[in-house]
Each structure stands twice: as C-alpha cells, then as structure tokens.
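In the two complexes that follow, chain A is the common piece, with chain B as its partner first and chain C second.
So, the complex of A and B:
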C-alpha cells in the first residue's frame, strides 16, 4: 500500500507561493487518512459480526434440530447399560425383623374386553360366567352389546383362570399385565400391614397404592425408585406374631370375649415385636369399610392403636410410681384404705373392703382404689397431669401407622380433685393398649421414655428420663408382688418371672353411665421382671370366664391366664434364657479348693 | 512414487472400510445379545420374585402349624417351651472312664497355697 504523504511537497510549495497556510493541507490530508482507516475498520468488524452471526445461527440451529429430533422420537431405554433389579417391581417388599417376607408383589393379569372385536358374544358371556361365578351372564352380555369399545372385566386373574379365558378363544378378550400386592401370611399382622389397592389404571399397567397401615404410612418410601427396591424392615417378629395370635384367638374364644388385643414391646427400644387385634381380616382381600354400625366393631378396626378405652386399675402403677419418684411414699408407707371414701357427694369404693389401712405395696397388690386416690390427692392435679403427659398418655402414639394419628386419648378437659382421684385408678382417661405398653416400658426399663415404633431399630433407644432407676426397681418389685400374691396369680410362668398389673374397667354405656356386666379386662406385664426385656399388654373386650362354677369377669380370671400362656410360648422364641431352679438335688456338688 | 502412494492409500481406505463394516455388525450383534440377556435377567428376576413369594406362602406359620399337627405321630413336634431349655450346669458329668484313666486333677499331689 502506498502511503500518501501528509505534506506533499508540490502542494506545499504551490500553497506557499500563493501565500496560503500549508498546515491546512496537512489537516485535510490527515482527515482523509482517518476516514479511510475508519472505513476499513468498519468493514473488518462487519465481517466479524457476520461470522459471529453465522456461528450463532449454526449453533442454535443444531440445538434446535437436536431438540426437535429428541422430541419427535420415541423414548428408549439405554440398551448398552446393564439393567438393575429396581425397575422390576414398582413397590418394595415389606419384611419382618428377621427378613421374612410380609408383603411382596406378584405379576398377574387383568382381563378386559373389546366387544367390537368379539366374534361370538353370547358364547363368550356364557363361558366367562362359568369361569367367574361372580360375573353374571346377562350383565356380561349387556356390557358387550351396548356398543362400548372397552370393558374391564376382572382386576386380577390367577394363571388357571387366565388359561381358561384363553381356551374360550375369543379375540375380543384381552389381558393387561398387572402387579398385585401379595400378603403370603394371610391374616397375620393384618392391621399392621393394612392393605393396598389399585390407583390410576391403564391397560398396560396400574399403580399400586397403600390403603391403610404401614402400606399407607410408608407409601412414598415403598414406591420411591431411589430406594432401589430395598425392603421396609419392620420390628414385627413373624414367628412371635403367629404364636401370639394363635394363643390370643384361643383365649378370646375360651373367655367368650367379643374382641382381643395384644401388644408385645421391647422395653429398651420401643420396637413393637407383635401387635394383634382380633377379629382381624385378610389384607389380600381387604373388606370395604363398613357404612353402617359402629366402626369399632369392624374387623378393620385396629384395637391396639385405635381403641381408646378406660383401662382401669392399670393406671395405679403410674400413680404409685410418681409418688415414689417424688419422694412422697415408699412401698412400705401405710395409707388409709377405709372404703368407701367419701368426697363431697361422691363415694369411691373398692372391689371389697380391704380394712383400715394398707402399705403402698399392698394397695397395688390388692388393687385398692381408695388407697390410690388418697396418694393421688397428695401428688396433686398439676403434677399428675405433667407426669401422665410425660408418659405420652395425652397425645396420639408416634407409631408408624396412618390410623395412629387419629387415635387421640380422651383426656378430661377439667381436672378437679375428683378427676385426680378417678384418673389415679384409670377412670376418666382413655388410652389405647399401645399407649399403655409404651408407658409400662418407660416405668420398668429403668425410667427412660419409650416411643413405640414399628421399624426395626439397631439397638436400644435411650429417651429422656421420666423416673429414676431406683423408682423403676421399686415399681418392678410391686409388679412382681401382684403376681406372687395379688390379683394376677395366674400369670406365673415356669422359668420366666413375670410382674404386672391387672385392670378391669366397666364399659361405658353409649346411653350414659356404665354397663354393670360388661368390662374391659387388661393385663400389663413385663418379663423377666428382674431385668425386663419385654412388655406385654393383653386386653379382652367383654370377657366372661365360664370355666368355673360361677362366671368371672375380672382381669385376674380372664386376661391374666391368656397373657401367661402368650408369655410361656413366646419367651423361648424371643431367645430369653429361662431362670431354672437349680435345686439341691441337681446332681452337682459344690466345688471348693 | 506418487502412483505407489495413491494405490497404498486406496488399499488402506479399503481395509479400514472392511474393518468398520465388521465392527458395525459386531456391535449390532453385541447389542442384540445384551437385549436378549437383559430380557432373560428380567424374566429370571421375576421368576425369583415369584419363587420367593411362593416360598413365603408355603412357609406361612398357619400352614406349618397345620402340617406339624397333621404329622404329629411321625414328627412329634410340640411348641417350644421353657422346659425344653436347660442350663449347662444341669448336664451330668462325664462318666468315669473304664480303663486306666489319665491322671486327673484330683490325682495330682495337692499343692498348698
């Protein structure tokens, strides 16, 4: 490029001759040079912009095209990666504490019809009615001939039924794959498991959702693909549950009870080892909730959790435990037990008059309402409420069942001295057997709070301290005495020292007042009582023991023998070492050196 | 020289094309294998789940109890109870040996402390 000089000699000289300022020429030339430089720079940057635009157009065009392609193609699973197990079942298994299956899935088929594809509708209807007795031939025929293009016929088919439908050979009868929930143990732990049903349904698949119990409580967990099919481990022990259910069902029949409940709990961790509510149901064919009558009479009703009852004398242990803990009394303190005790216009009576005075231990052993009421008056309403609240008797249990949230104990709204006295022996405050099991665990495990749980725990769960270990030991001593020489003498089990407390409460009449001859008999026990591992609460609804010359209704004659039999059968299964009586003639001589 | 180079290049392209062709088909074959095996694994897993469900069903406590009752005269199975458990201390000591026992503790001369 040739560079034009800013001061061309020829023009300068001629300008000088003409007497003009030569600097004007320089400025003009400089200006021209700058203009050409600017033009060139603009051209260059324009070019760069065009290139940039081109790049952007190509890049966005590519992305857009790729997006369009991806949106337009059918989704496909990656084929080259190895497939995991988790995608197979849409719902995780539920297992007991030893890994035995409580709930699992099974692939089955659903049957539907496309009437416009059917060849011989009357024959198909007739054959289907023969395979499925619950489908009526005329109903089927009506469905087929109404001009509909799609009819669901059966939700779940067994393989045999499927083969029979295949044998009809009609092209309009079609199958859709279904995953169904299977509870291999039938009625066992039915109330804990709850049940499952179909949610949204399509031809190719259907959603399985929990309808009650842990299935509903852990619905999100069980269906979470991120869990990779890890089973839900419950604290229930299948064997113990089966044995306890068998014994309880037998006991319920023998004692002519309407219903029965048993809760077995680990006192250290609050794990529910076994929870039974009779009558029960089969979760595989969960019945529909009743539309009439008392929902409490339905087999679906989980009495152990939902049944809040006045549980009677069982509560005396709490009153005495608190009195000992705050230093009011010791088991040897003597209180006035003159019956009836008159309070205003009310009279508090004992089952029979136990004489003028008894020690605290004997008040528990003989189950004296009067003695307990007097101690409760000394404790006072506020401290009593605070203590019962701390034991968890004012709130629904935190157990992992959807039903538990609704089972709020019935607590008196006002708390005059009379309420203090009645609550001290278990009247006026209603709680569920599970509440009771947790509260008893707290009382006997050394005094730390126990929260009931249905999930398997790794070890003991130490809660906040409610009573001192010394008080807990004294309470255990009193509970042992109840069995040794008190109302629960039938509770003795060979090899396993049991301690407990009976409770017999009159059932409230829905028309007001209490029934005279209908009771709820409860026995709350702990074994082995010197170092308790388990708490067992057995409740019988309206039991009558007719085995003897006269009918007996009190817990000592009804709930206690049933609980003893459960303990006898269950304790060895729980791996407890029996305390054997090493008598003098055991074939051993003392070694000495 | 240039002709040699061109013919070598052509040969190389042909060899590479042959290799790519074979790789392509081998990959497709491997993917087919994988799909088949995945389907087989899925089938087996499903079968496994069914077997486990069946195992749980056949081992349900109700059924085992009924079977134990049914076969009582052959098996003599009774529910576990505390009487069946014992303590090591209650086991009888081993009977005295019949011939020339090896020296036991009591045979040894007593050592005063």
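So, the complex of A and C:
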C-alpha cells in the first residue's frame, strides 16, 4: 500500500510559492491517514464484534436451554430435613436368665387435638373430661380456644379409651401411633429394670428412652437397630426374684423394718440372681423423683446398690480371712479379748464380755470387737487397706446400673490405728450390700475376685486370686460355726448347710454420733457352705423383733431368720439338692432310674 | 447570531432535540429495557412481600421503593441517552474518578450489613453500592484510553488502562467482591479484544485470570466455599442454589401460578440474586425465556449497531457497556441454573436494588447514546445528509 507522506515536498514547495501555509497540507494529510486507519480498524473490529455476538447468543442460548431442561425435570421431594428426624421406635425386649420377659413393648396410641379442625369444642372438652377424669373440662376448653394448632392430650391410651374418644366423633381429635414400654411383672425387679419414658415425640411415633436402671445403662444397645431385636439377657432369675421378694417383704413387715434389701449372687460368676430393694415401685408407672426429703427414703432408691451403710461385724470375716491368709493366725490361735480394750482415750467394747481370751474362730462365732481389733493391729493399716481395696470395697461396683456409678463407698480419709481397728469390725467404712455380696463371694469361692454383673454369663468367671483356697476353706469353716453355735443360729436350714456372719451396726445420727436404738442388721451367708454356690446378703433397716418378751434388734434375731426363710425356699428353685442324712431306717426307698 | 432578515420568522437551526433523539435512538433496546423494568416490578410484587414481612414493613414497601428508584433510573437513562458521545466520555471519565475514590474509601466508611463483604455506603434511608457505578465508568475510561492510543503519536493508552485495571480489580478483591471484579476484568478484556488485541496476548490474559482465580480459591474462604458448593455434584436442598433449583423444577413450563410460589419464603435473596427463580416458579419457563430473549436482543442489537460505528471510542465504549450489561445478566441467571458458581450479582432492571437500578439506568443510557444513528461516511449517509441537517457536525 502506498503511503502519502504527511508533508509531500512538491505540494509544500508549490504552497510556499503561492504564499499559503504549508502546515495546512500536513493537517489535511494527517486527517486522511486517520480516516484510513479508522476504516481499517472498523473492518477489523467488525469481525471481532461478530465473534462477540456469537458468544452472547451461545451463552444466552445455553442458559435458556439449561432452564428448559431443569423445568422439564420432575422436582424431587426435599428429603434431607425429614430423614434426619425419623424416630426409631423399636426397642429390644429385656428377658431374665431363662428367657422370661421382663420388659417388652406394647402398641398404643397417643391422643392429640388440632383445635382449628374441631367442630364443637365445648362438647369435645366435656366428653374428654368424662373419659379421662384427670383432664379438666375448663382446662381443655382453654387449650382448644387459645388459637393453638396442636395440643397433646394423652401420651398413652387404652383400647377402650381410644374407642370412647372415637365415639366423640370430632375430626379435631386425632391419634398418633405409639409403642410403650411394658413391664409385665409389675414391681418385680423394678430397681434393676429402672424404667423408660418418651424422648422426642412426633405425631407418627415417639422415642422410648430408658430413664433408670438397665434400661438407661443399655439404652443405646436396646435401641440399636443392628441388634435386630435380640433381647437383653439379664442374670436375674424371675422365679427366685419373686420368691425372695415375697419373703423379704414379709420379713420386713414382721421385723418392723423401715426398709429391706437382699442380694443373691452366684459366687463363681458374680451374676446377680436376685436383687430386691423394698419399698419398691411399679416401673410401668414410675413415680417422679421426690423433690423434698431424703432421696434415700424414696421407693426409687435402690438400697442394694445405692445404699452405702456401715455394715458392722460382717467385716470381721475380711479381717480374719486376711490374717489367716498372710499367716498371722490360724482359726485356733488364741487372742486377748479383755473388754473394754483401751486405746488412748478410746475404749473398744464387746456386746458383752467374752472373757480374757478366745480362739480366732470363737472371736468370729461370738463376734468379738476386741479380738478382731487386736488382730487388725497386727495386720497394720497399709495391708488392711490394700486387702479391702482388692475386695472392691473402695470403688463403686461395676454392675450394669446407671445408679451404681454414683454409689461410691465412704472410706475414711485418714487411716490411723484407731481406724484400722474400727474398720476391722465394720465401722467407719460404708459400702453397699452389693459390695458386700461380691466381697463375700470372693472370700468363699476359693479366693478369686468376683465382679458383680447383671448380665447372664455363660459359665464361671475366674478373677484374680485374692486369698488362697485353703484360707477360703478355713473362712467357710468359721462361717459355718457362726451358724452352728454362734450369733446366726436361726440360719440353719434343713438340707442346706449355711454359713454366714451377722452384722449389727448402729445407724449414724445425721446430727453426729450414733443412734442407740436404730440399727442396720445384716446377714451375709453362703450356701451350701461346704462347696458354696450362692451368697445371700439380707439387710434390714431399723428392724425390731417384737415377737418375744423384749425387743431384739441384733441381726441374729432379725435379718438371720428372714435370710434363712429365703434360703429355704430359694435353694430348691436354684436346683440345689438337699443333703439329708435320714439314717438307715427312715422308711424311704431311694428310687433310681 | 444576528438576525439577518428583519421581521423574519425565527427558525431553529437544525432538528429539534426530542424528535432527533427519537429518530436516532435504538427504539428496540429502549422497549426491551422498559419491558424488563415492568417484569421486575411484577416479580417484585411476588418476591418482596416475604422480606417486607420479615422486616415488619408494609407488604409492598420494596415494590414502592423499586418504583421510585426505577423512575429515577429511567430518567437518568433518557437523560444520558441524549448526550453526545464526547459528553458521555467526559462525564464518564469524571464519574470514574469520583466513584473510584468512593470505592477506595469503602474499607474506612463502608458497611457490610453483616454479609461478610464491605460493599455499601449507608445513607440512612438507602444504601449505595459504588462498585455498581464503577463498571460503566470504568468501561468509558478504558475505551477512551484505548481509542486515544490508536492515534498517531498517541500516548500508551493500553498500558495505562491495564495498570488502571489492576488497581481497580485490586480494590474490588479487597472488599471482597469477586463477581464485580470478574465483570470488570471481562469487560476490559473484551474492549481490548475489539480494539485489536493480539490473540496470543489475549490467551495469556485468560491464563492469568484462571491462575488468579486459583490463588483466590486457596486464599479466601469466602470464595472457596462458593466454588466448592458449585463443584459438588449433588445439590444440598437447604442451600440457596438448592431452593432455586427446586423452584425452577416446580415451575415447569407454565409456572405454579401467580403468587403460588414457595421459594420466595425460603430464599433470603429471592428479590435480588435469585429473582429468576421466583420468575421460573410462578410464571414458568415462558417468562424466563422472555427475560433471556430481552437481554439477548439488547446485547445483540447494540453490538450490530456498533459494528457500523466508525469512531473508535464509541465502538469500544459501546462494546464494553454491552458486555457489562449482558454478562451481568448471564452470570445472574447462570448461577440460578448452576452453570456458574454462586455470586452476589443482580439481574439488571429486574432485581430489587436502588444502586443496581440507577447504575443500570446510567449504563443503558450511555449505551443508547453511543448506539444512536449517526452518519458514518457511507453512501447512504452522504445522500441523506441534507435531511439530517448539514449544520450538525457529529
């Protein structure tokens, strides 16, 4: 392309000749060159603008097409919110060691109202008040007319009540399906089972959650859908539980006790066969926790697990067992039992003076505080603490109840020699009857540690060794002597040799010191004592035996007869054969097949 | 001028202003803008009462404000469209300086209204988002610089505009406002492209943009969260996008009916960023396509008119304005249909928002001013010169 110079010499010269301004020529040429440049740039831009138009058309077309595509697809239900809130209403059953149902579910209905759908609110309120005496007509009417859209009226309905509500015929009264927890055995094993209540509630279902006992302890397990409804098998034997509860309730009444508790434990596995705490409650209508007064007086209080008491002379077995085990004494060793024993400004007394000296066995049989205290001094504080700790008396029991975690034994903080002596006969250290049952199981089962459990075990659970089998045998021998010729003579059961130890502890006065006439009477026994299978601990709170001329409060007169009656009736149920020595001429012929 | 003829009737030299405006203006674009504004009011009637109810205001409070600001915007549009290109350029450059100053002062004086980005000036009765005004003015100054650089012995306008771009984008990213900075970058790129950029260089610029996007993704959580939400395959129905998608699907082809839509109750930005979802739900695909067609008509018509434009500044500025306007609409709708990651960007003239409306009015006014029929030195122009009125030099 030819370029015109901005100042062409020929034109400049001719312009100068004519006297014109040559700059005009430059401006003109500059303008022309700009014009050409502009036209070239426009042509170049035109192509690029076409590309841009294409981009816009494609982009808008894409958006339109995408809109069309989305408009053509079916909308999906918004799911995420509803799925997360689904309530699992399935809860596994709880059965006893033989598969008998302790807790199950029942289909029922909840009643709710949607007042804006109701036709005749006053009539509905009147009719409902007649069906449910606990609902007041004016309260109902107020609920219906406050402008609310939803009112819960009843959590559980019986089929009859449901039919009656149906018959009111009001479209604003509606039913929500429910599963409720049912305890078909009523008060039996109430403290073990605990109870269940509703958690989150929806119209279509409600969550059943455990509120106490194993229901709460195993709540996650019972609600776990992965278990596929497999029941929770407890170690409880329903029949034994029923019998023991009946006897204990009778014994509590006869001995005028405020409360009573019993624990029956398998010495080999630590399984709790029966656990009773009286007074008790019906888990189907679990009462609300008391808001005033001592929670320990509430029926909800599980004395066997939560009740930590100074259990008294029961502990002497532990002292003597340890002394024998470490070779300090034998059952025949004689100790000084001069009462009162003076230690600094304190005096340790026996129930009555048993003379200057007794053998170890007689110390147990007669339950001498002085003799036990002297032996404990020889053991020493450190070894005593270590032994009691090994028996599990310093820690909450590992039993599968939510309540057990909080039931920590009350252990003296300082442990001078005086504490060594008082603890040796069961004062100054508080533990629960369940602790005691586990510790006694350890003492009599050959000397291996027992951990209490409420779950059914497949066989014996061998724990760590605490005392030697020989010591265990000597302890059993002394326990048997307590029954044969000692404080627990009422414990004798025909056919089932029982060994045990009584304990009568003065109740601590909350204002300080101890009550003179209020005791905790406990009898810990094992049967059959020659090869123990079960340990039974019976504790009565403030018992008074008024059957004789004068009131008796000691365990031998109160807890022991009750325990004996339980043993007598429970032992055959547990499959133990009576050992009867009938002699050769008893008129019976043994049948064999 | 002295009257040459005594007693002669006074005759205006040239054509009167309004008829000439009416004759030379792009009436199609004007119509489309008015229709868009009408649709915006219609959707505002549906989308804003839930917001008004949440804020305890009369049901149509936001519609009234929309009418007020819309009228202002339309006045601004008509007024600006009457300006000559030179005046547009001067106003644009001065306006850019003023608005850019206010953008720079945002971190000091601005407020974030609790939305995580400082973009607004609170004036009490209303709030102003200066970055909305920045876009058209930035386009004008860029076009001016680039056009000037094409002269003989011209200053290096392209280099200057590039450095200006970097500064402006830097301030927008600081807010942070990645949507607006993307728009500014895009408009600059297109202006440069139309001004005759070497293709190789454009490729390099695209590369830089992608890279800086990646850096922003790493550095800013605000940015990364939105990108992540976009990239994840399944839609969480509780996000804004999820609601919008559901609304578009619910609407189908003809909508669920006027006032029957649900999405406006669940989307906090139903009246601004997701107005298209409300349109799709209540009026269906039909109205959405109409809206898309209106934007497309405005963009394509303006570009075609600019193809014939001889003046470099006019062409570049017009192109930049079209890009800002059209791309903003595309981004807004592209977010709703999940073609683009979520960004706070209004739909021009349709979404509620005073700043957006008035800035849109100024923008379209400038565009109309630049796309007016002018003699372009073609044969037809020369032949009709007499009718146009030779006295005018354009």
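FYI, the second predicted complex is superposed on the first by the 495 of 593 C-alpha atoms of A that agree within 3 Å, B and C clash if a C-alpha of one lies under 4 Å from a C-alpha of the other, contacts with A are read in each partner's own complex, and residues count from 1 in each chain.
In this section, contacts are C-beta pairs under 8 Å (C-beta built on N, C-alpha and C of every residue); 3 or more make two chains touch, one makes a residue touch a chain.
This is a predicted model, so every value here is computed, not measured.
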{"item": "First, second, both or neither for A:571, with chain B first and chain C second", "value": "first"}
{"item": "Touched partner set for A:24, first chain B, second chain C, both or neither", "value": "neither"}
{"item": "Partner chain(s) touched by A:106 [first = chain B, second = chain C, both, neither]", "value": "first"}
{"item": "First (chain B), second (chain C), both or neither touched by A:59", "value": "second"}
{"item": "Touched partner set for A:117, first chain B, second chain C, both or neither", "value": "neither"}
{"item": "Which superposed partner A:242 touches (first chain B, second chain C, both, neither)", "value": "first"}
{"item": "Touching both chain B and chain C, residues of chain A", "value": "79-80"}
{"item": "Chain A residues touching chain C - in the complex, by the definition given at the top", "value": "30, 33-34, 37-39, 41-42, 44-46, 48-50, 52-53, 56-57, 59-60, 62-64, 66-68, 70-76, 78-81"}
{"item": "Chain B residues within the chain A interface of the complex", "value": "31, 34-35, 38, 41-42, 45-46, 49-50, 52-53, 55-57, 59-62, 65, 79-87, 89-90, 92-93"}
{"item": "Residue ranges of chain C in contact with chain A within the complex", "value": "150-152, 190, 193-196, 236-238, 245-246, 248-253, 280, 284-285, 288-289, 292-293, 295-296, 299-300, 303-304, 306-312, 315, 319, 323, 326, 330, 333-334, 337-339"}
{"item": "Residues of chain A touching chain B in the complex", "value": "79-80, 82-83, 85, 88-89, 100-101, 104-107, 182, 184-186, 188, 238-239, 242-243, 246, 493-496, 568-569, 571-573, 577-578, 580, 582, 586-588"}
